[in-house]
Amino acid sequence: LDQTILEFTVGNDHVLDERLAPYDVAASQAHVRMLAKCGHLSTSDAEATCQALEALGKSHDEGAWHVSLEEEDIHTALENRLGDLGKRIHLGRSRNDQVLAALRLYMKDAIARIGEQVESLAEALDILAADQGSLPIPGYTHMQRAMPSSVGLWAEGFAAELRSHTLWAAMDLADRNPLGSAAGYGTPGLELDRAQTTQELGFSETQEPVTAPQLSRGKAEAALAFALTLILQDIGRLATDLCLFASQEFAFVRLPDEMTTGSSIMPQKRNPDVFELVRGHSAQAPARLLAILAVTAKMPSGYHRDLQLIKAPLFDLIDTAEAVLEVMTHAIPGLTFDPAKTQAAMSPDLFAAQRAYELVQSQGIPFREAYQKVASELADRSAASHG
Amino acid sequence: LDQTILEFTVGNDHVLDERLAPYDVAASQAHVRMLAKCGHLSTSDAEATCQALEALGKSHDEGAWHVSLEEEDIHTALENRLGDLGKRIHLGRSRNDQVLAALRLYMKDAIARIGEQVESLAEALDILAADQGSLPIPGYTHMQRAMPSSVGLWAEGFAAELRSHTLWAAMDLADRNPLGSAAGYGTPGLELDRAQTTQELGFSETQEPVTAPQLSRGKAEAALAFALTLILQDIGRLATDLCLFASQEFAFVRLPDEMTTGSSIMPQKRNPDVFELVRGHSAQAPARLLAILAVTAKMPSGYHRDLQLIKAPLFDLIDTAEAVLEVMTHAIPGLTFDPAKTQAAMSPDLFAAQRAYELVQSQGIPFREAYQKVASELADRSAASHG
Amino acid sequence: LDQTILEFTVGNDHVLDERLAPYDVAASQAHVRMLAKCGHLSTSDAEATCQALEALGKSHDEGAWHVSLEEEDIHTALENRLGDLGKRIHLGRSRNDQVLAALRLYMKDAIARIGEQVESLAEALDILAADQGSLPIPGYTHMQRAMPSSVGLWAEGFAAELRSHTLWAAMDLADRNPLGSAAGYGTPGLELDRAQTTQELGFSETQEPVTAPQLSRGKAEAALAFALTLILQDIGRLATDLCLFASQEFAFVRLPDEMTTGSSIMPQKRNPDVFELVRGHSAQAPARLLAILAVTAKMPSGYHRDLQLIKAPLFDLIDTAEAVLEVMTHAIPGLTFDPAKTQAAMSPDLFAAQRAYELVQSQGIPFREAYQKVASELADRSAASHG
Amino acid sequence: LDQTILEFTVGNDHVLDERLAPYDVAASQAHVRMLAKCGHLSTSDAEATCQALEALGKSHDEGAWHVSLEEEDIHTALENRLGDLGKRIHLGRSRNDQVLAALRLYMKDAIARIGEQVESLAEALDILAADQGSLPIPGYTHMQRAMPSSVGLWAEGFAAELRSHTLWAAMDLADRNPLGSAAGYGTPGLELDRAQTTQELGFSETQEPVTAPQLSRGKAEAALAFALTLILQDIGRLATDLCLFASQEFAFVRLPDEMTTGSSIMPQKRNPDVFELVRGHSAQAPARLLAILAVTAKMPSGYHRDLQLIKAPLFDLIDTAEAVLEVMTHAIPGLTFDPAKTQAAMSPDLFAAQRAYELVQSQGIPFREAYQKVASELADRSAASHG
């Protein structure tokens, strides 16, 4: 292959593929055992191949080797390193189902891991609510003081929303075994036992018919990106609140100095950069979702090389989500709400709706009438204070 | 309110709101009955209000009235038309939870309806597979003929993917009762029975704490838009295939004349416009998802008027998805695959992998060796035919 | 054509097309005159057709007729209404170049009009700066008080950015005459004078070669959408500032009551809904740009019916931009900055950099050293005030 | 700074910044000379600093040092390496204007370079048109054979569209000097000569007022991303055509073997991966544009740390565009159109419009009548051939 073409087509795929090594090892082992079970490979060859794969996975994990540009991807890198054994294991398997199997096993792990991180962040918010939750703060609508709220209601709203994630919808789409669909049209003339790899790899089902796996490319990926987008958007809104609360005008919350940065020319500054970057990352998440969806849009059925480009935005978004979740879980315990400043913000206006409810209940008047009365009282009071 | 400001802030919201009428009627009735049960409203007032709402819903459904620009939204339109009764029912309820309740009830209906439409389209593909499925067609990868496939494998791949939708993830997020959260901070000083409206309206749960509903604005909407995006993308790829298959070069499929359009200057043309527009609509779906996500991105917690802008892209996408599903379910039965043309495309090369599998099984050689042998055979044959 | 297919393929195109009537009239007149000049049409027929078109344009403008669903688009609506004259004018013209010509003439007008609106808004900011510009306000970085600024610097920054728009880049792409490219491959066998319609319609150039116009579909549209996106983003950031400045915590600015809205349950509220909606609309602009780009992405060359779907997001965005520009130009003069509140926010810390500059100039020490000194002074003062 | 926070806030910024080294060197030298000219720095210090910067730029270019995570960015890396000299040069400059100056100088270079690459690709298409342009191919609309076209018209349409790029609109926004705006509010108490750095760095103008530069963050970047999106979309459509033309069904074009890839299981395959990846990259460009726009959306005025996140999608898109332009300019000369296959596709129907034009001209009948006649002739012929 022409060198310019090679470099362009591989891009940084060989680097991205590093994280798929353990999953391709596992999927290849399952495939090899299935081949042996079906009589397409001798038991001794299968055993030897599985052991060789195990060793390669281990040495890769220890950093002993990397995928080179010429190898193009982790799959070729492993196959080449298997030597003669490698020549037999591509029977009944195409790059198309192999790549997808490794990617789905990776996604399943990532989803489970991120699910735990989300729960950890929610727990950090629970603890904040338990510790400082009784402090009153205004509840805002339209960024205007509206109703009495509290640090607890504020933190627990976010905790509840974080826990309402849709990661499991992504899991559902990822949890289907593509192995045995080969290039996307099965293996005519070669009988395989797809249920065997499904079971061994812990997939919930075998994806049928054989044309479905390549049509489904990008869908579990997009569903995961979408779930992460919603999670990041919740966290981004939390960060926006914190940037606001950390301003001198609100001054509800303080961050420890070691969590803020200074300025290159204004020595007095303590900036909440961490929350700004969280906000920025959350805002970019939809762009990554879009980068995934754009690849498969309008694509004729069957495999196309464009699909390779799904990995970069997916991995970026997974890494970003993990970093954001980690740093927020780390930062939340550092927040200290200021009782004096929050109390000072509890202006009497915040209790206007409550006052109207009281009038309704004590005087039996309709709410709209009570609302008008309270509005008049407030107008009078305001006139008096400016009079 | 200043007229320029009024017209700008209302926009076409009063028109969009028309479809929410039955849902606001139902949610208001549930709210009213709950108020009565809690002793905040007399039983007779509650009864009268529920009947009046029922009548208003009916007359709206019959086209007897519409929401005017001055009323701004369906909620004010209904409340105003209730006269004195309307003055009592805003007790313990804010526009914020009221709007969200109606929207979620609407979404639940839309999700159920679209779920059925998706199944109908999948069934149309099943029937196509049953009727013409045994016709062989090439399976393509990289748009190159790759493996033997069939009309059945082609149609059933799409049917399976359509049935793997994520509408239920959207349902899960939509199926939570926001009523009683009021402006987003509950109703201090007024005890409500939120479980009562949850049960009466058929929501699966009461959304807690009271700060969660406004934080969750846009999330069920985005999840529905995402589910529709994946569904439309499957259908868009089906349409791309059909545009290709309908070209003179492929000529696999014919559409009845009444489903194609002519040209303004080229009398010989029969164009598959319907599939092109399906493809175009599918490509635009992510933009609508993005329009929803953009509203809530970086938003401080609490209600903001920006949230009004979620409705337009959501309703557009729902309407588009329903129209696309309907027209495709209508068009699929009109497809006729051409046995002569499809058979002519079944070039011998398509069976190369199968030939390699045979060599592996008959000669016990590794797959890579068999692959080389078949490659040589093909090269020889090709040289001979050009020789 | 099958009714279901017709309704789907037309969609709301006949409604969208209403605004193109005057442009299709003008382009058709130019085409007719060119045909006459080339000898393909008698002068009397040309004259009669031009007059009939003029009359149709006038009656449409007066609301005397509308495009019906069955007519599908403005072009057929006009052609049909021309009767026998209409049968001759499609010579040397296809729907493909005709649609594009009308759309480009419309865009050119819209660009010029919006350019003026942008200037009007910038002027409103100039006036604000002239009237209240000397009031000091803090300049913020990271939403932290950073440096001394003023209402004037704040307003003039936005005015300058608004004036740095890229509308003219969109104009450049729109200002090319597609007429004569017909379906996208010219008019073999029929000689036309493309320069004639270019000149008569005021296009800067004739778009060459004939394959270019259909390849360029969506590009001027996208460039206009992009220019509007940047303009709206500037205005959206202005709106964000104003929502912040209107909060009780900042309280820098007041809006007249008739420009704010109240709350359905909190009688004390005055909400800046207009700025929230401006912010929301600005956030959705990229989605419309994306909806345009999505149509032409990956499209094979030549005309495809998908292109029809470019109009809706383009017109939506143009209308939104015009509405936002109008309402902001209307609202800005209503802003009153509060001298007491803004002055109170001018904390001494804001002058720290200035103090460091003085030390550098008076003592000749390096800036980093001066910076450290001021930092120490501030720390001492802070310790003293809390001591 | 807390290590977790540091690692999160820096991210991979220190790696991204490597490419900005020469531009920060140049901008710092200009700033230093300006300080000297204004009397804020001794001539000897200025001279020494400029020489030290030059040496640092050279050693960085040779790979002698890299920006470390702890240094965070290229600016600190350079300042630290200047030792005592570095302590004086931050006078009258903030990270905010410094970062922006380097980024804009980088963008100006990138724009100029890409402009040349675009011209090179257009020239490759010119050469293709000159060499093989006279070969007839069908012109398609709706992917249906429509009109006679040629390889020349096909290639020259793309060349013309490539040359109609909007890179210069991005140049216009980038070509403004932010230096002297400091943190975004100028340098009160310190007089600078902004015109001096504008001239020395070759900017077209000094950006005024001082609040404008930070408000304009992301705009030149977005304009460049938009220009690249349109360029990539043109190229993506060219790639789509080529994937179609390379199919066995069209078979219009052949690629040399060294530019295509084989299959892991189908030995007969020659896949045009390079064009598929070009198509995929073109489809992802809008996502990168969106990632840039998302950062500044709704942002309050002034600098915020989120802005750091603009660099990654911008650099990615620039690199992608350069790689795509390079590989396409390399691949186009390898294309060979097949005279037999293209000729075979020139079906008689393609000349129907031309035949109608002849009827109009020879018989003086209206076009619509001629159109009907030709349609009837075609129907008769078709009936005869099937009869």
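Each chain carries a letter (A, B, C and D) given by its place in the written order, and its residues are counted from 1.
Rule of thumb we're sticking to: a residue touches a chain if its C-beta (ideal position, glycine included) is under 8 Å from a C-beta of that chain, and two chains touch if they have at least 3 such contacts.
Computed from a predicted structure; not experimentally measured.
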### Task
Count the C-beta pairs in contact for C-D and for B-C, then report the pair with the higher count.
C-D
### Task
Return the chain whose centre of C-alpha atoms lies at maximal distance from the corresponding centre of chain B.
D
### Rounded Å distance, chain C centre to chain D centre (Cα mean)
23
### Geometric centre distance via CA averages, chain C-chain A, whole Å
34
### Query
Hey, how far is the Cα centre of chain B from the one of chain C, in Å?
29
### Query
Which parts of chain D, given as residue numbers and ranges, touch two or more other chains?
90, 141-143, 146-147, 182-183, 244, 263, 265-266, 271, 273, 276, 279, 283, 286, 290, 294, 297-298, 304-305, 353, 367, 371
### Message
Which stretch or stretches of chain D touch chain B in the complex?
### Response
141-147, 243-244, 246-250, 263, 265-273, 276, 290, 294, 297-298, 345, 347, 349, 352-353, 356, 367, 371-372, 374-375, 378
### Query
Along chain D, where are the residues that touch chain A in the complex?
1-2, 4-5, 8-9, 11, 90, 93-95, 182-183, 256, 258-259, 261, 263-266, 271, 273-274, 276-277, 279-281, 283-284, 286-288, 290-291, 294-295, 297, 304-309, 313, 323-324, 326-327, 330-331
### Query
What does chain D use to touch chain C in their complex?
40, 84, 86-92, 96, 139-143, 146-149, 153-154, 156-158, 160-161, 164, 166, 168-169, 172-173, 182-190, 207-212, 214-216, 219, 222-223, 226, 229-230, 233-234, 236-238, 240-241, 244, 279, 282-283, 286, 289-290, 293-294, 296-305, 353-354, 357-358, 360-361, 366-369, 371
